[in-house]
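See below for the structure under consideration.
By letter and in written order, the chains are A, B, C and D; residue numbering begins at 1 in each of them.
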Amino acid sequence: MQIQKKDKVLFFGDSITQAGVKPGGYISLMKDRLPEQELIGAGIGGNKVYDLFLRLEDDVLSKKPDIVFIYVGVNDVWHKQSSQTGTDPDKFIAFYTALIKKMQAAGIKIIVCTPAVIGERTDFSNAQDGDLNRYSQIIRDLASKYGCGLVDLRKAFLEYNQKNNPENKESGILTTDRVHLNPAGNQLVADLMLKALSGK
Amino acid sequence: MQIQKKDKVLFFGDSITQAGVKPGGYISLMKDRLPEQELIGAGIGGNKVYDLFLRLEDDVLSKKPDIVFIYVGVNDVWHKQSSQTGTDPDKFIAFYTALIKKMQAAGIKIIVCTPAVIGERTDFSNAQDGDLNRYSQIIRDLASKYGCGLVDLRKAFLEYNQKNNPENKESGILTTDRVHLNPAGNQLVADLMLKALSGK
Amino acid sequence: MQIQKKDKVLFFGDSITQAGVKPGGYISLMKDRLPEQELIGAGIGGNKVYDLFLRLEDDVLSKKPDIVFIYVGVNDVWHKQSSQTGTDPDKFIAFYTALIKKMQAAGIKIIVCTPAVIGERTDFSNAQDGDLNRYSQIIRDLASKYGCGLVDLRKAFLEYNQKNNPENKESGILTTDRVHLNPAGNQLVADLMLKALSGK
Amino acid sequence: MQIQKKDKVLFFGDSITQAGVKPGGYISLMKDRLPEQELIGAGIGGNKVYDLFLRLEDDVLSKKPDIVFIYVGVNDVWHKQSSQTGTDPDKFIAFYTALIKKMQAAGIKIIVCTPAVIGERTDFSNAQDGDLNRYSQIIRDLASKYGCGLVDLRKAFLEYNQKNNPENKESGILTTDRVHLNPAGNQLVADLMLKALSGK
């Protein structure tokens, strides 16, 4: 994918994306590098894939973006633990596919992101590691099947932690609280998304 | 509501409705009493409210029914326990409302049903009683708000059990297994739905 | 049961009991009425029945109390929701029974309490109502089987709310946050425990 | 550790151990190789660490074994998913430590086992992988702290699957159903336990 001047780029996601538009957030960091494009944050805290589906018309299609980043999945996994209302894998596929098809039908280019982390321990002992790996693979497969761009945050965060988290800490490397991005995390996400937009 | 000759009636739901078309099932029992109408079972095991939403076009709207019974909610509650993938109350409202609006826009008359039971104990000690009461109230409120008919199975099953379950048994009164209908359960559901169709 | 001068009374429980020794807490309120007895708080936040069992020797038996209130059960139910680490009913019975037998073998008089509320709604729509009713009945049955005193907080809180919570609020009547006691809640618990100690 | 003639060896665990005494089970396979020792199965389906604690006196100490294998942990993790009654990590440590201390006080030599698998996929996408890794590490740390032998089934099963499960299947390599042992699984466990007893 190669971003064009005047392109409108929308970020569709959960609380991580909601925070992305704040000063220092990953969208704000990208904005500094893409002054001629319009960047639109469309993140709402607690959203799962079917929340995105419910607000697709109002928050995405009506805004006629050229490119959309879909960055969802943490709550689909995490809500199993926190409120017993996570998303079944087959429903995750069904709603994610519906998002892709409706956006592609509207001529939108899509870049999907894997859910990065719930806990930064590198010895594979974070309780949600198994599910995050499973849902990330679902997203990779959908990207391949439907010709979407892919920003593999799950893979990138693990590699970064394997280098920079020798004490096997739960948070503080790329996140403040096991999930939400600290400055290093925002920078890493911004860099990876910019690379995806550069067509390299 | 007053059913008309030649009306097409569709039953939209989960495994309870899927079993309803079998011999002795509640839809089969109703068919014996409504020989001139077409009765269509559209139940799929394990369905939650957003599963109904995902197949609304294919399984309901495309069939152009006159009347639709929506009978869903047990899995929205039960899956919290069984797989940590139940439905948040606010999402239950959002998807249920979307179902109603899309059907009403297609000119369909709607009769909603409250989820009957997960366990038949009458001393309010079934683990899901609190949630079933909450989601049933949501459905009653939606029926009132959108002018739908209501078959209050939750209320009817409790009253029946308070009379007929003096030993406080978990199942065997109206269900075979705490959830799915035995012959008495099928008869009770059929009777209440027929009453709702008779306009009395 | 009839409390005696110089009796040592111990309160064995969770965060509700931990807060009971603070100014205005139920144990503090009781202390004002029982100046000649020694009242000992032994509550630790987050405790379930098997936590009490693990610290029975250190925190109860070693202190040689005459009377022990056991006030546990909320976390056994609540942790199912909050961390998927609640207590199975059969294990609840097994550990509760072990507590009773070990204390009675030490000559201690026991008064057991049912878990009051997780949510104060009176229309039986609090998510944990079913389980709280079930575990409360287990405690009532154990009290009867082993000749313990009983303070039926579950029953008393419901009756109080049915009179004083006409708006069906989740909290604010006897609790601050659906679980922990506000001043009215502390007073009600203190009154009921004092009554149990008075032998009337 | 070096097993002696006439030693009494007890296997303390859950359903995996309960099945171990059947023909072809891992205990039966070991019996063929240790004809002069007494091997005692003490597995009960569904057991978690605190179930072992509750029956320690009756099922272990009263039998005066020389060596005990503790093989528990699968249900402590799995019950989070299946019934929301898993075991908190800190409670797992507390009860496991209590088991070790009481057995060591009785002069018993202990060999602890890590929980092997819940699902045999090798791409780390089994939902419980994170927790199994965490609880396995707890057991390794306790073995080191208290001088117990260690049979690291978690590690061994993963290595075996990485060689023998190229299709990333959920079961059928060492288990019949993601958890319980098939013939290859029983053989692997027997071999590793025999090696632990041989002192090599």
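In the analysis below, a residue touches a chain if its C-beta (ideal position, glycine included) is under 8 Å from a C-beta of that chain, and two chains touch if they have at least 3 such contacts.
Just so we're clear, the structure is a prediction, and the values are computed from it rather than from any experiment.
The interface with the greater number of C-beta contacts, when A-C is set against A-D, is A-D.
For the pair chain A and chain B, the fraction of shared interface numbers is greater than half, so the two copies use mostly the same residues to meet. When the contact pairs of C-D are matched by residue number against B-D, A-B or B-C, more than half turn up again in A-B.
The centroid of the Cα atoms in chain A and the matching centroid in chain C are 46 Å apart. Computed centre separation for the pair chain A/chain B is 37 angstrom, with centres defined by C-alpha atoms. One inter-chain figure worth recording: chain A and chain D are separated by 39 Å, centre to centre, where each centre is the mean of the chain's CA atoms.
Counting partner chains per residue, chain A shows two or more touched chains at residues 81, 83-84. Residues of chain C that touch chain B in their complex: 84, 119, 123-131, 133-134, 137. By the touch criterion stated above, chain C contacts chain A in their complex at residues 81, 83-84. Note for the complex: chain A touches chain B at residues 50-51, 54, 79-81, 83-88, 91, 94-95, 98.
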